[in-house]
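Below is the structure I would like to discuss, written out as structure tokens.
Which chain is which? They are A, B, C and D, in the order written, and residues in each are numbered from 1.
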Amino acid sequence: MKIKPKFTTYKKKVRESFERQNFMKLIDAKLIDIQPGYCEIHVPYSSNLTQQHGFFHAGVISTVADNTAGYAAFSLMEEHSSVLTVEFKINLISPGDGELLIGKSNVLKNGRTLTICNSEVYIVKDGNEKLCAAAQLTLIELKNSTDKKLIK
Amino acid sequence: MKIKPKFTTYKKKVRESFERQNFMKLIDAKLIDIQPGYCEIHVPYSSNLTQQHGFFHAGVISTVADNTAGYAAFSLMEEHSSVLTVEFKINLISPGDGELLIGKSNVLKNGRTLTICNSEVYIVKDGNEKLCAAAQLTLIELKNSTDKKLIK
Amino acid sequence: MKIKPKFTTYKKKVRESFERQNFMKLIDAKLIDIQPGYCEIHVPYSSNLTQQHGFFHAGVISTVADNTAGYAAFSLMEEHSSVLTVEFKINLISPGDGELLIGKSNVLKNGRTLTICNSEVYIVKDGNEKLCAAAQLTLIELKNSTDKKLIK
Amino acid sequence: MKIKPKFTTYKKKVRESFERQNFMKLIDAKLIDIQPGYCEIHVPYSSNLTQQHGFFHAGVISTVADNTAGYAAFSLMEEHSSVLTVEFKINLISPGDGELLIGKSNVLKNGRTLTICNSEVYIVKDGNEKLCAAAQLTLIELKNSTDKKLIK
């Protein structure tokens, strides 16, 4: 699939949106790469992010799967659009036992209204990468809407 | 469906497991209620938990949907079992715009190995409750395994 | 949720659409009930519809879950809209071992563009009804489009 | 992922199981290829298989996605196991408008109890192949159980 962004400053737009997400700061997520139809996010291990066995919590893994897809989709949308997740499905394949989570998402189909993405989340332990989770997601493009904080 | 717990101290077991999840402390989640096949978790609004519009992040909403299901399922499992999420699917129905997230999960089917749950997450704004997300989840019971932190 | 159809002849529109689906005839599906935001479809057992154990095939069960949701959603759409399934997730909870499949779907949220439904499929054996599958589905409303056969 | 079948006659076992599924005959599905962790099924167009616009019904598309995954998973299981679909999620990406449906499924993770697969269904029109649907599925291995028709 040839995928071309609709305006030149899409990377800047994605980075600014990512920075507005306070929850990314809370979990110390880093936006590593953004390409047309692709996004990569890393989260280093912290004992704050764990479930009962001391591994990355499924909620953190899901957050990474969702956010990489959101920005992979966002990279292909129009300049004055914002993005929302409609729904996603995730399989938790291996325990999040390691020092780093790596999320990667690719756009499978970029439609006029809906975009479908596949996200994979890897867990790195002692330098070895292993598939931790796989997700399939549906995002919606909201045209002529702001990505910024809404005044309440 | 008549659902009976398999041992008397299931509530204590769920509470202790919840307390071992550091990620619950990080997002300030509170275990409000646990019944056989039912769990309720609340998360008050904090600007730490937001996405780009200043609303609850989808990752927080998904975490609540997943964790309520995990403990609803856990409440029906055997005394020496632990629980893992196999997979889930969530629809984000309304923006997480409000002062409190309320997650409620019910067991739909408690099988020998797999348990199926439905979770609903509500957003409360100015005291009014609204459906924010709905999820369907598959959990697996790991018999004779510990719920505690694994020594590495 | 108070749900009101947008025009008076919605039942007729649903029935005519159902009759245009040849696949419903092939599997002998019957449209039993249509209400605003609700649809019920039955499929009697036939050895044509079976998987390797002689039970209803998961494909038939999924078809029923999908089609009931499609028409539950369609009943709330505008007069000149058509409906498509965006995606669905289904848990196959009990084997389809019985003489009749009963699908029931309810609209959970009827948005401007997207509608979310929950479908339940029951299997009836010796007159006893049992939950066979549960699904959560996303449908899209295509405004000013035809539901009829497209000339190729 | 290196995937090795657990016994030499796995292809024969899959073909015999496929032939026991009467629903495959009804929709004229053909088992085209079976490899360790991979399955391909084709369904030629027939007006019997259509929805209201005259395209392949979503139920047929889902059946293909499910069945390819079932046999991709089955190819890696033990000789005396049978397979059941636990759940699946499918995105319907393009209308099933064409002369042939091609389903392909790959095993993503083959665990002791659960196997996760990704299925893609393509629609062929005038010889051109297009992605029609993508699914993610969870299958369960039932050890020491028969794949044959159960005597009632």
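Assume contacts are C-beta pairs under 8 Å (C-beta built on N, C-alpha and C of every residue); 3 or more make two chains touch, one makes a residue touch a chain.
Keep in mind it's a predicted model, so treat the numbers as computed, not measured.
> Tell me, please, which chain's centre (mean of its C-alpha atoms) is farthest from the centre of subunit B?
D
> For the pairs B-C and C-D, output the one whose chains share more C-beta pairs in contact.
C-D
> Just curious, how far off is subunit C from subunit B if you go by their C-alpha centres, in Å?
Computed from C-alpha means, the inter-chain centre distance equals 30 Å.
> Distance from the CA centroid of subunit C to that of subunit D, rounded to the nearest Å?
22
> By residue number and range, which residues of subunit C touch two or more other chains?
86-87, 89, 91, 138
> Please name which positions on subunit A make contact with subunit D in the complex.
Counting only subunit A, the residues touching subunit D are 89, 91, 93-94, 108-109, 116, 118, 131, 134-136, 138.
> In their shared complex, at which residues does subunit C touch subunit D?
On the subunit C side, the touching residues are 17, 20-23, 25-27, 47-54, 57-60, 62-64, 66-67, 70, 82, 84-92, 95, 97, 147-150, 152.
> Using the touch rule from the top, collect the residues of subunit C that touch subunit A in their complex.
86-87, 89, 113-114, 138, 140
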